[in-house]
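Since the structure comes first, as structure tokens, the remarks are kept for the end.
As written, the chain order gives the labels A, B, C, D, E and F, with residue 1 at the start of each chain.
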Amino acid sequence: MFEYKIDEELSLKMIDHQDAEELFDLSDRSRDHIRTWLPWINFTKEVEDTRNYIKMCLRRFAENDGLTVCILYHGKIAGVVDFHEMDKKNNVTSIGYWMGDEYKGRGLLTRACRVLCHYAFEELGMNRIEIRAASKNIKSRGVPERLGFKQEGVIRQAALLYDEYTDHVVYGILKEEWRKKEAHI
Amino acid sequence: MFEYKIDEELSLKMIDHQDAEELFDLSDRSRDHIRTWLPWINFTKEVEDTRNYIKMCLRRFAENDGLTVCILYHGKIAGVVDFHEMDKKNNVTSIGYWMGDEYKGRGLLTRACRVLCHYAFEELGMNRIEIRAASKNIKSRGVPERLGFKQEGVIRQAALLYDEYTDHVVYGILKEEWRKKEAHI
Amino acid sequence: MFEYKIDEELSLKMIDHQDAEELFDLSDRSRDHIRTWLPWINFTKEVEDTRNYIKMCLRRFAENDGLTVCILYHGKIAGVVDFHEMDKKNNVTSIGYWMGDEYKGRGLLTRACRVLCHYAFEELGMNRIEIRAASKNIKSRGVPERLGFKQEGVIRQAALLYDEYTDHVVYGILKEEWRKKEAHI
Amino acid sequence: MFEYKIDEELSLKMIDHQDAEELFDLSDRSRDHIRTWLPWINFTKEVEDTRNYIKMCLRRFAENDGLTVCILYHGKIAGVVDFHEMDKKNNVTSIGYWMGDEYKGRGLLTRACRVLCHYAFEELGMNRIEIRAASKNIKSRGVPERLGFKQEGVIRQAALLYDEYTDHVVYGILKEEWRKKEAHI
Amino acid sequence: MFEYKIDEELSLKMIDHQDAEELFDLSDRSRDHIRTWLPWINFTKEVEDTRNYIKMCLRRFAENDGLTVCILYHGKIAGVVDFHEMDKKNNVTSIGYWMGDEYKGRGLLTRACRVLCHYAFEELGMNRIEIRAASKNIKSRGVPERLGFKQEGVIRQAALLYDEYTDHVVYGILKEEWRKKEAHI
Amino acid sequence: MFEYKIDEELSLKMIDHQDAEELFDLSDRSRDHIRTWLPWINFTKEVEDTRNYIKMCLRRFAENDGLTVCILYHGKIAGVVDFHEMDKKNNVTSIGYWMGDEYKGRGLLTRACRVLCHYAFEELGMNRIEIRAASKNIKSRGVPERLGFKQEGVIRQAALLYDEYTDHVVYGILKEEWRKKEAHI
């Protein structure tokens, strides 16, 4: 019901209990690609799992420690972006995301993240946003790069993915950088 | 950030942590009138109390047992409407509300409740919405009456308000009634 | 061990862990009739379920938010009456009940409820007792009617019972009414 | 409401929320004697403390791990006896007690404990009841001795009471012993 | 990693998550003897059970209410000793233990307990240590007897072991006794 | 009681309830220096705060999500090192530390961390250890640098320290690197 309209085709909404079926279907259809980098999909076997995931997201939101947003494309859920930490002491937050296969390659995710960065800096009082991506996940890395995040380091062997250690690239952007960038548009 | 626009001047949003100060100020300015029927205002002494109230609302939302909505008038919080129960077994919910003094008398609340009833019936799968009001609270009773709710009974001495027992009028509307009514508009 | 003797054949006791088997058997024998109006019986499949129900009743009693009483007829459990809410702020409570088939039709339940109403008004400090019954459940409605409760309203489609919406009649009695009535006996 | 009548002057009831004021007053009046052996009285400073104690007793009862009983003398609370453990695996329980000053010296406590032992063996399925008393607390030791418990040992320096270590005498009685004893009465 | 070296062959360490497999194997190999007196072995069917046991031990340690220690013989876990209560109000604690079959009969357990008694009296501030053993469990009773504990009583039918009631012998030793004894060595 | 002896003057022990006073005193004496980089010291005002900190450390240890170690210099607590995360899915952990003023400048911390890295790689199964330090905290950065950690990045404005944003340098070392390094010693 409550949405933020980005443009004629794209809008954002907070995740809600009603989204369970549609969201499960989306992730289920894209299962093969999601699993490459996001092993949670292997534990998402039925709608009930998505229902529990949504409840967990909303509990974190209630504790003011996260916000999970659905990207709507012509009214259909196309992907998910979440702030998976809201560090109010240091004004730092992190963004994660995934898109359904059929919605990839059109820049939808980047446009959604741009709006959410604006929201984090201008309304939630954040000073720094971080995005981490596996170093070989070129598509995922494209988002922070297109949005002007700076690469700050490479955390070597940060995660064990299907028995192989994977490096994580850390990207960060500061409020002052964001504002300068936005002023240029 | 996420809103539902009713018309040029009125919109709705889910309550959020960021609303604490504005919401506290609104209730604080209307303290004298609110206290007549809603004793919680006597325990809302500082912003921290409103912050805790918001957290409680969001926890109930996370458990899928409530939804608290702010009415925005030209972007300012004018009042609150909440579904304070979401009985999914029987598809029954109840609505409560209050408005800031300066926003009363313009029909804002009735317009907001009309939208929320539609949402409850058409998106949340509810079959019955109930509104209870103190029998002497004429203003509050006007809302369900204007929206076509039927008076179903009077619960005698249902509440103890400042040492006096107060009767509650129960209003109810069913999905089929709502749809018929809406079709006539 | 601790009982309230109503007369030679009838007494009351708080529910206790020791009652699990006898209570389960009673509900099991009356399963066919109970299920018409009380769907919980469908989830009461073995003694363990009754054991958990008793624990839940006693936890609510410990939190001062309920009291579940067994009706004993010649020392055997014949039915259950419970105060399923103890609203100390408003001095309001509600009563629910069921009887085993073989104990119906002798007025045992009405006699038990009369004693419990007295207890609620005179010892627990209640000011109002409410009983709700499905409008078509004539037997259940007889109890408040015989005890002098007033019908205060009909909550339409209040519950979904085996895929059909059911109206609830609300009955209430106030302390002052009760005392007047008792004075006449 | 629910009582077990021992004789014309003495009865027992489970502790209940309603007892808080009367119970606090009793312990408050006997404060000086109680403190000698039972240091909890030093932390029982107002009715609220007794209210919390009652809640704790009822929670343990709900978990089937204790039972706290008030001794009523001509309808007034005269003292408290509690089973402060209900070991269902080994069928062992322990009894503790205290009396208000004005009710001491008449054998009330012994009569109450006799009934409760019977209840524990014959209705709760216990096989062994234990009573511990400070070795110098002659009055307290009199109860198990009069009831035929056997002294089984002395736990040296079992408790620190106002900076002095105190020995505890352990008394026990078995179901078979109890039954033999009762048969002789 | 953190150990207390008793002598060339024997040392002690607090139980740790890493010990699950080795500890399970030890108890599994000695299953037949352990079961005679310690029925928990019947519920220890796989490593996961030992893992949960270790977690429970460490939680009690975190709450300052217990300490579980592995006896290492030439670096291998040979048995377990635990303080299963840490009563800081009365400065009383209790010791329990079991050994793997292949490590019995060499006095390892007695040597370990001697060190732990010293630790309890001199570092944990305890004043009394208690050991309880089934009266027919001669091996287990040997430990407190060799360490100079005094037999303080026999708790009759204290436990139900495979449908038979078992007496428990209570042994106790006081700080002053311990110090005198140690001075003589 | 349980220690790991590094050499004649230095040893390690897990933090324990008994350490509260000594640990509080150490941090209290070094308060002025600690506060520059570690704001928790401002909330450590009395022994009780340290007692709660220890309990929190031990609870995390019980949940297998951390390990807090005291560095002992000639038997006195000289500082603290903790693994403040134990990510068993990815085999990643992080180290933090602080030293009392009077024990700085002798390489004690580096020697302690070397032992703990060895422990993490060889006994806890970790694959990667991370150390983060404020970029201007030269002393703190010396530890990972002396131990052969690689600087992997600079997280800009990672923390808000007394109203100023502070960069964090991330250092990491992998198991294979550690083993190669150790082989050269």
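Rule of thumb we're sticking to: a residue touches a chain if its C-beta (ideal position, glycine included) is under 8 Å from a C-beta of that chain, and two chains touch if they have at least 3 such contacts.
Note that the structure is a prediction, hence the values are computed from the model and not measured.
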item	value
Chains in simultaneous contact with subunit B and subunit D	C
Most widely separated chain from subunit A, with each centre as the mean of CA atoms	D
Far-end chain from subunit F, centres as C-alpha averages	C
Superposing rotation of subunit D relative to subunit E, computed on C-alpha atoms, to nearest 5°	180
Gap in Å, rounded to a whole number, between the CA centres of subunit E and subunit B	62
Centroid spacing, where centroids are CA-atom means, of subunit E and subunit F in whole angstrom	33
Chain centre separation in whole Å, for subunit E relative to subunit C (CA means)	52
Shared-contact residues (touching 2 or more other chains) in subunit B	none
Category of the chain touch graph - line, ring, star, complete, other	ring
Cyclic chain order when read starting with subunit C and heading to subunit D	C, D, E, F, A, B
Residue ranges of subunit D touching subunit E (in the complex, touch as defined)	89-92, 127-128, 130, 150, 152-160, 165, 170, 172, 174
Footprint of subunit C on subunit D - complex, ascending	1-4, 12-14, 17-18, 55, 58-59, 61-64, 119, 123-124
